[in-house]
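Have a look at these structures, which come just after this line.
Both complexes below contain chain A, partnered by chain B and then by chain C.
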Partner chain A sequence: MSRRLLGLLLVLPALAVIAFLFILPLIMSAVGAFQVEGAFGWGNFTKTFDLYTKDIIFTVVIVSLSTVLIGIASVAIGGYLTLGEHPVAVAILRWLYRWPMFIPFIVVGQILRTFLAKNGMMNNTFINLGLLTPLDAVSFLDWRGIVIAFVWKQTPFVALLVAGAMASINRDTIEAARNLGASRLRLLVEIVVPQVAMTLTVGLILSFVTMMSVLSVPLMINAQSPTMLTADIAFRVNSYGDYGVANALGLISLVLASSVAWIYLRASLKERA
Partner chain B sequence: MERDGFLELRGVASRYGATQVLTDIDLSIAKGEFVALLGSSGCGKTTLLRLIAGFIGPSAGEVKVRHRDVTHLPPDKRGMALVFQSYALWPHMTVAQNIGYGLKLKGIPRAEIAARVAAMQSLLGLDGLEARKPQALSGGQRQRVALGRALAIDPEILLLDEPLSNLDARIRLTVRHELRALQKRLGITAIHVTHDREEAMVMADRIVILNAGRIAQQGTPEDVYNRPASAFVAAFMGAENVVFLNGMPQGDQFMIAAGLANAAGNVPIAGRPLAAGRVEARFRPEAARLFAADELAVTGPGITFRGEVAAVSYPGGHWRHVVRLGENEIMADADRAFAPGASVCVFVPAEALFLFNSPEAASVSPISRAASGKVHA
Partner chain C sequence: MIAAPNSARSNPLAALWWVPRGIVFGLMAFFIFGPLFNLLLWTVAEKWYFPYSLPLEYGFSSWAKVFAPRGGAMQSLTNSLIVALLTVVASLALAIPAGYALARLKLPLRGLILLAFLIPQAFPNLTVYVNIARIFYEIRLNGTIAGVVLVHVSHGLVYAVWIATAAFSAIDAELEQAARNLGAGAFRAFLDVTLPLAAPGLMASAIFVFLESLDEFTGSYFVGAPDVNMLPLLLYTTAAGGNYQIASITALLLLVPSLVFMLIVERFLKADVLSRVGH
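Let's look at the complex of A and B:
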């Protein structure tokens, strides 16, 4: 009996941290989303959908597009690390691709702001190379900038997971397909990727949820409307002290994030069955 | 059809970093032949198979199929299919998809793929399993799917990398015969890598024994078993008993001098390149005949050792004795048990006694030979 008590005591601090710093605020803000001036109602949500339907769609599209691009890029990187036949190129890629992981989102935003602006480094380079005239130069500091920032920052993380999973699959399964005449692309798409599908899904879902919660990138790169839900939440709280609509927006973000987590859970259950 | 040189290796060598894995491999395999590459682990047999398959390039030499140089062709352009030791089935594909993948890569229409996969399934006894994933199959079934996948593309040459080593001992025995029968029925040329001597003996038309990256001997199973070309081959083929003797050739006989533990005797040379001096004698436990010291009845040419039984055990079928001959210990089988401590004679008939000039003894003078004898006796 005392042993059980001791065990309970040992996990208590962790449990308390989760309960008071995570579960309780979550419940409070969820409840807060349904409170309008002391009474329960849908007021916050009607207001949210009136003002921010475009932003909700914008967020979903941006994050989904980024997730797809991250998936393609990380499979390409992992695939080259696994199937690449040029040892020097593989070594260089292996050394290079992880760097963006160690750069904070806010710094990514700052770097890309100077890089993607109308007279930024990218356009200047193109103009100097004669690929672009100064008149045709456009700023990428809109939804495209956000997507570029997300893909640049999150690809290394997913690629790290995917490359690890690819390295641990049975090499013979790759050689068996090569023996039957599969091209490099078919090897990747039909033999390698299906065997790491679960890892890829996990990486993409974690990325999706991370991107849903990034505030600095939309603030730095996309200072216009429509924008992402995180910027809207910050705006509601900081400018109006309107916690009701902020909570409603937060709850909508949570629903969007948990819907992809649900896809993952269903897939993993199916895999185990 | 071409009887000779269907698949030919000429002076093939392979290096892994600074290590020489294969050296100077010359091998000619006829169409429809079943060849076993036999050797202990690390002898280069799997490297040789992967080199033939085209997964690694040789550092020297060439590989030819039907007199066509395939040395630098990719694996799929050689008309060969490899069955992997791990089977390497694709876990995300069903049995039918695994077997049919090679056909799909060739752009064969779906209906024809289905027909050929079904035919392959019934050939291999996999009917009704087409929708299963590899995880839901037994080891024997997986092995047959791997074989079906390789055979489905109708290769001219089937390469087998220890395909039976992951099977239960009992299943392995039946699969040996099934695989051999299938190979004969299809008339396909097969190269089988194994470290199992009995497996190679039972299945192959020809055995190629590899040692340290070189071909130690090649020939029919009877050849390599009864006429080993070197002490290594003799030992690998089960002649583990080793005794050092002195002798000299005289006419067509090799006269063996009496030693501490052996009586004088003579055996026919039978074309062996034996020089006078110290020789390494090897024989199998089952080739030795054991007698009590006083009832020796020699029946033909051979050599007789005197010794004392050190231990006896019953592995099944016969009694196995450890016999001490001077400072040496050998194993000898007999139908009846001799008690430990009993004085016995061990008679090895000439045809089962493999003699080789020990390399260090061949070039030295008689005096130093005696000195070196103490080390080995």
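Let's look at the complex of A and C:
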């Protein structure tokens, strides 16, 4: 048997699962997006843009902002773990940063809901420390709460990937640049980050698409308008049984997410070429 | 965060670097552990209302409610664990051959195949799960453990396959070749040489899949509920009902395995495997 055929045979069962349990329902929902009372048409999309344009923009802004913040934070953490000179400080950070990594999104939603509320633990601590007066305390349970929840949960995952990639870089180039007197910020930006760019991109894309799909965080933290598309889809199905608009919203999220995945594909093809 | 000592060796001012470090680490610790501590307080709060910063009375009456035989939480816990374990077994059975092929054998459209496993993570699952529920209803898989496991497998495969691929490509291909040259068959060489070497990476992918399954909410809701109750669903309904004590205890039950795995994951996921994820 040729190696090619064997390879395809080995991949096939896993691909079949994706095909039947994801692509097929995905096609059903894509077709459903264009179905208005049994006939094909654009009706669902007109309705979607009438009702949810604000939420589409809201979702894109929130997820993009979170992705940028996650990228900065994970490069900072990975960079300090790689370039930090004080072993105790590095050990503290290594111990500290990973805690939220595997905490389920629904748990993140629950604990941040109580932490970020107007009379939650964050404001209470600031008030007790005298940094805030009770009158100035505001609830963070709006778009800021969603961004905080996403960054809180996703940064450790990306930082773990990035720090791992940074650890496997050839140290000689770093030492050479250091001996030439390069500052550590410059080392990080000009030497370390370019070498882990691929891993960082993969981590951020995985985070981006994960955040696009999370229902529990917007439901738990901010279900009022404007909210994220996932909450809108759930609302459309649960309250109106309106699968047409729900499927149209789903299709719009797919376009948003796949445009990001396309960046990855292009980068990886370029690297292989 | 990048600010740190440049000359820690003999500089007497080096100790001063602990001031910015202390502030940054302190803030990080507050934002990481504050919410977790808040959760712990809620699990033992008997009475806690505005404007008090701390509970007025502590006790374990909510715990007794959760673990009561008819509380429903035990059943949710068992269901969640069974589903997660079955999901791991099924995902690895699919991901080991696929990961090996993607790492070692010449495959046409390799990038596209890798990307295909990302699809379930790239689409708001909700609409897909609604349609899966419709299909499963037809073939009587709705409301069964098997149905929920299948949904979780499709969702967790990206971790299983990507990490398994990275784990296999981190192993020197010549080791397997050496075993072949000594007369071992292809399957024998894989079983005795490559698989044990890849085991830590595969263990890491199993951990990711397990947690992904435990975390999963939307699919379980559409395909499982109300026949198969899972912990995330219990958490959501109790939190929506305003019962923060029960919600927090459920959240804690979901948290403990997550934290345990977090502490041990780097033992399995080494840098050489990590740097190959997604390549």
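FYI, the second predicted complex is superposed on the first by the 257 of 273 C-alpha atoms of A that agree within 3 Å, B and C clash if a C-alpha of one lies under 4 Å from a C-alpha of the other, contacts with A are read in each partner's own complex, and residues count from 1 in each chain.
Everything below uses one rule, namely that contacts are C-beta pairs under 8 Å (C-beta built on N, C-alpha and C of every residue); 3 or more make two chains touch, one makes a residue touch a chain.
This structure is a prediction, so every number in the text was calculated from the model and none was measured.
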item: Touched partner set for A:R186, first chain B, second chain C, both or neither; value: first
item: First (chain B), second (chain C), both or neither touched by A:Y97; value: second
item: Touching partner for A:A176 - first (chain B), second (chain C), both, neither; value: first
item: Partner chain(s) touched by A:G41 [first = chain B, second = chain C, both, neither]; value: neither
item: Chain C versus chain B, contacts on chain A by residue; value: C
item: Chain B versus chain C as contact partner of A:P194, first or second or both or neither; value: first
item: Touching partner for A:G250 - first (chain B), second (chain C), both, neither; value: second
item: Which superposed partner A:F105 touches (first chain B, second chain C, both, neither); value: second
item: Complex interface listing, chain C residues touching chain A; value: 1-2, 4-6, 8, 17, 21, 25, 28-39, 42, 50-51, 53, 94-95, 97-98, 100-102, 105-108, 111-113, 115-132, 134-135, 150-151, 153-154, 157-158, 161, 211, 214-215, 217-218, 232, 235-236, 239, 244, 247-248, 251, 254-255, 258-259, 261-262, 265-266, 269-275, 277-279
item: Partner chain C, residues of chain A touching it in the complex; value: 3-4, 6-8, 10-11, 13-15, 17-18, 21-26, 28-29, 32, 76-77, 79-80, 83-86, 89, 92-93, 96-107, 110-115, 119-122, 124-125, 127-128, 134, 152, 160-161, 164-165, 167-168, 184-185, 188, 196, 198-199, 202, 205-206, 209-210, 212-213, 215-216, 219-220, 229-230, 233-234, 237, 243, 246-247, 249-250, 253-254, 257-258, 261, 264-265, 268-269, 272
item: Contacting residues of chain B [partner chain A, same complex]; value: 53, 55, 74-77, 80-82, 84-92, 101-102, 105-106, 149, 153
item: Interface residues, chain A side, partner chain B - complex; value: 170, 172-173, 175-182, 186, 191, 194-195, 197
